[in-house]
Structures are given as structure tokens and as C-alpha cells.
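Following this line, the structures themselves.
Below are two complexes that have chain A in common, paired first with chain B and then with chain C.
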Partner chain A sequence: MIVSILTAALVVAGISSALALVISLIDLVVNNYGEVRIDINDGKKNLTVKGGAPLLGTLGENGIFIPSSCGGRATCGVCKVKVLSDVGPHLPTELPFMSQKEIADNIRLSCQIKLKADIRISIPDELFAIERYRARVEKITPVTYDTEHITLALLEPSHMTYQAGQFAQLAIPPYEDVKGETIRAYSFASPPSSADKVEFIIRYVPGGLATTYVHRHLTEGQELAVIGPMGEFGLHEGHADMICIAGGSGLAPIRSILIDMHEKGIAKNSIWFFFGAVAGRDLYAVDEFHALEKAWPIFHFVPALSAPAESDKWEGETGLITQVTEKYMKEKMDAAVPKEAYLCGSPGMIDASIKVLRAGGVPDDRIYYDKFS
Partner chain B sequence: MKMSPELEHARRAMQPGAISKEGFFGQDDRPLPDIISRDEEEMSRLGLDFDEVAARLTELIRAGTSAYGSPVEYQAWRVTTEEARGSIPCPFRDGRFPKRATTIVHTTSGASLIVSDLALHLLAAHHFLQGKGAPFRLEPQAIKKVLGK
Partner chain C sequence: MPPPISPVVLLFTAIFTSNVLLSNFLGMCSFISVSNNLKSSHGLGLAVVLVMTITSILNWTIDHLILQPMGLDYLNLIVFIIVIAATVQILEMVIERISPALYMGLGIFLPLITVNCAILGIVLFINIRSYGPLQALLFGIGSGIGWWLAIVSLAAIRIKVDKAPVPAGLKGPGITLIIIGLMAMAFMGFSGMVSVQ
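And then the complex of A and B:
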């Protein structure tokens, strides 16, 4: 009886193994796409790669980093490239992220394109400058109850060239239930002069995959990958009154721009930085910017609280940051001087700021912003 | 119960660590269609209409957004909307939503509810209020208390 059971089990195991072998062999034949050529920007760069893998990851393995926030899981819709050759119709996983025009132009999610044959793609030239850096967490400084200032020392490559106002992506490693790498974008808080170190200001988002890691697991001394630089937000030329408006962690790119300007001696007619927070517990970097104000006569720092707590004993400006900006534009600035504005914060704050700035005579093409979207 | 490929994809995307750290099910181990149908029954029992609830919550979120993080008194409610950078996709793959959470407090009763933009979309478009214990579950009883229905 026992011999019969063992024999049956061995037979079943044998058949299963044989079937697995057959499936593996078929997979090797059917899914073996051999070498595939990727032509990027009409031959500006040509890659010969092993076929079968998604375009996004294959480009990354070859040093070309297409911005992506979800690491190739088709949930962010960021990794768009223009495909110039026929790779079949858009997949259902791509369509939610595409406009009609993008579909007509064959814009595709590079994470959803499987490399089965030679392919021609077009990407913005600046993406060639993006690299993946190994970095070590040098310092983690809590600046409010839910916001940390992170300093990373770059290891390999050891220097990054970027413009003040740009951003990079942090590659958060798998942890707890989070199976894959999580990619999230954060603006540089540091000036480009610190080329061997990059700084970020990161606010905790309840339930956030990346910020939960940064705030609960990241430790000084550990390694973290940084991919960058990216983005077009930054300083524009002109001798205008420069108005900067930020809220929360939106201070980061403004800080980068202002420190860079001060270091390089870049002048404007005047520079006003309006930094909004709800209560005292949300406010940070106040001493740093007041010190900059003392050292830089054209610079004015105006922090404001919209709902200060009694315990804050707040004596500064009170109200929504847009209301405070409007007041200063009317009472403190010369209407005859041309103005330009740099905004970073929530879409609500930016939309309201744009209305105030327009009403104050700032032309739309001189309002630059980095929306939290 | 066998689910459609689309529901199966959504179920996987709702697991902890996929789209959000905590996921969409909390401690609820019921199948996704069961959670939806039981909440539809509960909403109906309480006299709550999904479309009407969604319209009212949308109005309250809009009121809160105008103050970028500060509390706003709006009709019978105190509304506070906090927004983080980026957006979050719907697990049913039909849109992306700001990472925005609005705390709605009925000023008379003190009853409160936290509504994320994604949770509102899940309610309006999919009748999915999330599993019991999920951080952004919209409990029908809590909706009724806060909206004063």
C-alpha cells in the first residue's frame, strides 16, 4: 500500500517536472527575442540590448533614465516616450494616462513596452544627462513634527551638476510589505555649489510608500540611490522685483534658488520670499532666512501663519500667504517695477497665488511654478 | 468567487505596499465584491445615496482647499485640507488623484471624517468604501453622522 502511494507520488512528481521542463524550453524559444536595437533620437544614441524586457528598465540599465514615479508598475503614468516605430496598439494599462493627442502621436508608457523587435524612440535631449548616483545619508534633521531635512553625500558618481530649482528622484528600497523599489521625486533644497552633497526637504505623507520609509526607516550612514537631475523650474534672467511664494516642503527649490543667487551675486531689483504655514509647529528655516536677509540687503523674508496657535505667541504676519503677498505688493513694492514670481506648493496655493499676482500686474509668462502634482 | 481580471488587478493593487503603505483593506479579509455589496446595502439602509454623498463631500473638499491647510468654517462644518506632493492612482486604473486629505468636522455634533480625494473617487465611481480598518475607509455610519443626514 505504502509502496503504491510512493510510486504514485513519484510518477506525479516526474510528470510535473517533465511538464515544467517543456514549458521552460517553450518559453526559451517563444520568448527569446534575441538582440534588439534601440534607436534614440534619430541615431543620437543606439543601444543593442537583450530583448524581452520592458523598455523603461532596459533604458535604465543602459544609463538612460526616463522619469518614473512608480518604478514601472504602470501606476504613475510618468514614463512617457514617443515611439516612432510600430509596437502595436496602446495597452489597456496605458490608456488611462493618455490624452487623445498623445494616443495619436504614439506616446507610450515605456514601462509597458516589451522589447520584441528593433525600436525607434524620441526623448527630450536633457534626459541623457540624468544619472543614477549611489549616495550615503549624511544627516537627517527634523525641522518640524512631520518634515525632515535630509543631506546625502554622493559616492558614485561623486558629483552632480544641476540647476537650482531642479529635482531628483530617490529610489526607496523594498521594505516591509513594499516589494519593489519605490521612486519618488523631490526638489533639491541645496544650491548647486554643493555638488558632492544634495539636500532634500521631505514631509511625511500618511500612508505614503516613500515618505513612510524616509521618516520611519531611513538612518544616517546608510546608502540610498538618487536619480537626477530633472526638471525645468529655475531662475530666469531680468532685473525685476522677484516674488517667491512657498508653503510646506515647497520651500526646498526656493531655498536652492535663493542661496545660489546669493552665492553667485545674482541681483534682482528686490527679492521677496513669502513662506506660508498654518501654525508655529509647521514653520521652519526662519532663522536661516532672517540671517540671509541681514546679509543680503535686497532680500526680504516674510513668514506668515494662517492659523497661529495661542502658544505660538506669533507676532509676524497672519493670514493666508496669498493675502499677505497681496498686502505687500500693494504696500511695500513699487508698482512701476516689473515683477516676476516663483511659486512652489500645493495646487490650491499656486492657483490662488497666480490670481493675486495677475491682479498685481505680474504677466503670466513671468510666473514660474513647481506644482505639487 | 472568481473575479474579473479587472477586479483581480484592483484587488492586488489594494494590498499593503502596492499603491499605499497600508493598502485599502485594513483588517477586512472579505472578497472585494462582498465589501462593495455590503456597503451598498448599508448605504441604502441608512438612506444615503452615493451620488449625493459624493457631491456634498466634493463641495466640502473644495471649501477646504481654498485655505491650503488652515481650517475653514463652511456652513455646518469645519474643513481642513492638507495636500502633499504628487498624485496617487486609482487601483481600478481609471484616474490619478491628488494626495490630499480633508478632515471634515460637523461643528455641532463634533462628528468627523477624513476623506482623501482617492477615497471620494472610489466611493463615487466604484461604490468601494474600503475595507474595515483601512486608514481612509469611509464608514457609512460616519458619513451619516458627519453630513447630518
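And then the complex of A and C:
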């Protein structure tokens, strides 16, 4: 009896371990891609790396930073690169971010391509300028109950050259249950003139890995790595009425652009900044922009609350930021002057704003936006 | 003793007269859910052919060389399932390496085959009917092809039906089940002509 029970257990265990052994052996052989060569921009840079990992992370480890805001989860679609060699068909995870033309040109999401063989890629030359900066957290200022304004002093390299409206990635170190570095992108809130100190506005997202770290664990004086600059959002030239619409932490790039314009004396016919929040407790930077309004005659600042609380004693504009924008476009702006718009905030806010702007006669190619997703 | 049936006859039997899907109704879940797309149906069908062929002969070997000589027949259900899971895992790794295009085509369906009851069903039929090695192999291949044939034909029919004026209450799963019933009856015609077990 005992013997037969033992044999039964041993046989099942034996067969299972034999199969497990076969699987591990095959895994060793099949998933060993050895050393892989990456040829960037026709030999401008050659890397020899260990294969098997995604292209985005492998490039990052070797000092080449492809812009990405989600950090390799195939949700932002920013880390596109042109692949010149054959790496197989587009994955279902890539297709939602690709136009027909991009598919034909073999533009790929670098976070989804596993390095299996030598590969040739082409990236814009300016990406070589992206570097990883060591920085020290100089100041953390809570601006609302859930939003912090963070100033980082760059240590090594000590200066960053960036354009107003661009963004950088913060490399959040491992903490608590989060293993490995978490990479998330945030727009600069500071103007490019502040090359040794960069500022970000970070709103707490419940459950967000990076924002939880920033709000709960980040302390003044500690070091944090910044990778940048990245992105193409920024000011466009030309005589026009400039309409800026932002919600929540979307104020950051608009702040960078406006301060930069004011510092450099770049003029537009008029500049309108519509800043939307739900109630008084979500509003910040109001005094700063009202002060800018006084010092700069062409600039107008319009904060608006969609659902002001009793205690706010709100006397400013009330309503969704899109309704307020629509009203001002009709009543305060000259329809004869061409318009351009800069939007930054949640995808919902941006889509709603685009509709209003279109109806108000702003051409699609003059609506520039940066979606936070 | 293996039954005296030619393995070649078994191959065609498995495809037509005792089709695993349409006469035994095994593997219905993926049959209904995947058949709304012809391309995925084809991919899943091919994966089933591959896995069924390999697991039927592999399980026959383990059954006859290890379990039966040691009098451990009662363990066969556990062992069969482990072997199927391991086979699918190995296939997945190998296909990813040697043919990324096929791997892409099969997608999520390859790992899902682990829990496809048609695979285990065929292995158990082979065991219960005491088929010989060649019979087991051809019965496995035939059943796989039969499963592929059934799902691809259903997908092809559904393309037509999608454009037809189906009453609102029957749209989707309703009409699909009716189609499967009609297909099963048509295949029953085959088994009426020749009866092989």
C-alpha cells in the first residue's frame, strides 16, 4: 500500500520534473540571443548589447534615450523609431498607434521590439542630445491639496538646453513593492532660461507608481535622475491671437512657454490663457499669472471653476473651461485676427477644446496640444 | 489489443464521420468565440492540429511505456494534462524563436490550447479505445484537421450570416448555435454512411 502510494507520487513527480527540465533546457537554447549589434543612423553609432530585452530599455542602458511617457508599457505610443532591418510584422500592441504610412515605413514602438538579431534603426539626430542628469530635489511646494511644484537643481551635467513646452522623464527609484526603476514623463514648468534648475508640476494620481512616490516619499535634498529634454510641443511663430487652455497640472508647459515669451519679448496680437479647475481647492498659480497680466499688456489670464464651492466665494468665470473659452472668443476677440491654440491637459479636456476651437474658426493645423495620458 | 481498424481509415473518420467538434462537441468554447474571425480561426485550427498530433503520440508513449507497465493507469488523467501543458509551453517557445510570423499569427490562442478540452478528449479516446501507436498518431492528426475544418467552415458561414437579415433576437450566439446544429447534422450524414469507432 505505502509502496504503491510512493511510486504513484514519484512517477507523477518524475514525469513533471522531466518535462520541467526539458522546458528549461529549451528555454536556455531558444531564448539565448547572444550578443546583438545595433546600428543607429547608418553607422553613426554602433552598440553591441546583450539580446533578448526590448529595444527601448537596451538603448536607454547605453545612453540613447528614446522619448517615451509611459515607460515601456505600450500605452503612450511615443517611443517610435524607424527600423531598417526586418524584425517581423507589427504586433497587435503597436498597431493602435500607427498610421498606414507609418506601417509602410516600418515605424515601430521601440518598447515592443525584442532584440533577437542585429538591427539597424534610424532616429532623429537630436535624440543623441538627450542625456540622463543627476539632480537634487531643491524644493517641494504643495500648490493644491493634490498637486506639488517641484524644483530640481541639476548636478551632473549641470545645465540642460531645452525648449519651452518640452518634457523630461523622471526616473523614480525602486520603493516599497515597486521593483526596478519607474520612468514617467512630466512637462517642464520652468522657462529654458532656467537651465540649471528645472521645475515640474506633479499631480497625485491614486495608485500611480511615480506620483505616489513623488507625493509620499520624495524629500528635499535627495537625488533624483532626470532624462531629457524630449517632445515637440512648443511655441509656433506668426501673428495671431494665441489661445492657451490648460487644466490641472497641464499648466506646466503653458507656464514655461508664457514665461519664456515674456522674457524674450516675443509678441502675439494677444495672448489668452484659460485655466480650468473644478473648485477653489484645485486652483493654483493664480497670483503669479495675474501679476504677469499686469506686467504684460497683451496677456490675459482667465481662471475658471466648473463647480465652485460655497466657501470659495468665487467671483471669476464659472463653467467648463471650454464654455468659458467659447464665450471669450465670441465676445472679447477680434474674429478678423487669425487664431492659434495651445492645449494641455487630460484627453477629454483636449478633445472638447478642439471642438470648440474648430467651431470658433481655428484651423486644425494651428491647434497644438500635449495630451496627458 | 488495438481494434482492427486501418490507421488511414481512422484518419478520415476523425476528420469527417466522428469529428471531435461536431459529433462529440468538444472544444466548443473557442469554437464559438473565435469563429467570428476567419483568420484567427485558421491560426487556432493550425495550432490545434499541431498540439493534438504531438500530444496524442506523446501521451500514448508515456501511457504505454510508463503508466501501464507500472499499473498506474489511474494516474493517466493527471499525467495527460501535465504533458499537454508542457507541450504547449515548449511549442510556444520554439515557434517564437523559429517563426515569429507564425507566433504572431497564433497569438493568444496558442497558450489557450492548454485548456482546450478537445485535446484532452482525443488523448482519452485513444486511451479508452486502446489504439496502437500508428492509430493514435493518425487519429490525433485527423482529429486536429477535423477541428480545423469545423472552425474554418463555421467562420466562413458566419461571414455570410453577418450580412444576412437575421432576426434581432437571434443575432450573435443564437444564430451561431443554430448553424452549429445544422453543421453537426450534416456531419452526422457522414457517420451514417460509415460507422467506425
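Some notes on this structure:
Following the convention adopted for this analysis, the second predicted complex is superposed on the first by the 276 of 373 C-alpha atoms of A that agree within 3 Å, B and C clash if a C-alpha of one lies under 4 Å from a C-alpha of the other, contacts with A are read in each partner's own complex, and residues count from 1 in each chain.
Going forward, contacts are C-beta pairs under 8 Å (C-beta built on N, C-alpha and C of every residue); 3 or more make two chains touch, one makes a residue touch a chain.
Since this is a predicted model, take the numbers as computed values, not measurements.
By the touch criterion defined above, A:P89 lies against chain C but remains apart from chain B after alignment on the C-alpha atoms of chain A.
Touched residues of chain A, counted separately for chain B and chain C, are more numerous for B.
In the superposed model, A:I15 lies in contact with chain C only, and not with chain B. Of the two partner chains placed by the overlay, only chain B lies in contact with A:G77; chain C stays clear of it. Within the superposed three-chain model, A:A352 lies in touch with chain B and out of touch with chain C [touch as defined at top].
Shared-chain residue A:T7: touches chain C; no touch with chain B.
Residues 92 of chain A touch chain B in one complex and chain C in the other. Across the interface of their complex, chain C is touched by residues 4, 7-8, 11-12, 15-16, 19-20, 22-23, 26-27, 30-31, 88-89, 91-92, 116 of chain A. Chain contact summary for the complex, chain A toward chain B: residues 69-70, 73, 75-77, 92-93, 96-97, 176-179, 184-186, 203, 205-209, 211-212, 247-249, 276-278, 282, 306-307, 320-321, 345-349, 352, 372-373.
Chain B meets chain A in the complex at residues 13, 15-23, 65-71, 81, 83-87, 89, 93-96, 98-101, 135-136.
Contact residues on chain C toward chain A in their complex (touch as defined above): 62, 66-67, 70-72, 75, 78-79, 82-83, 86, 89-90, 93-94, 96-97, 100-101, 104, 107.
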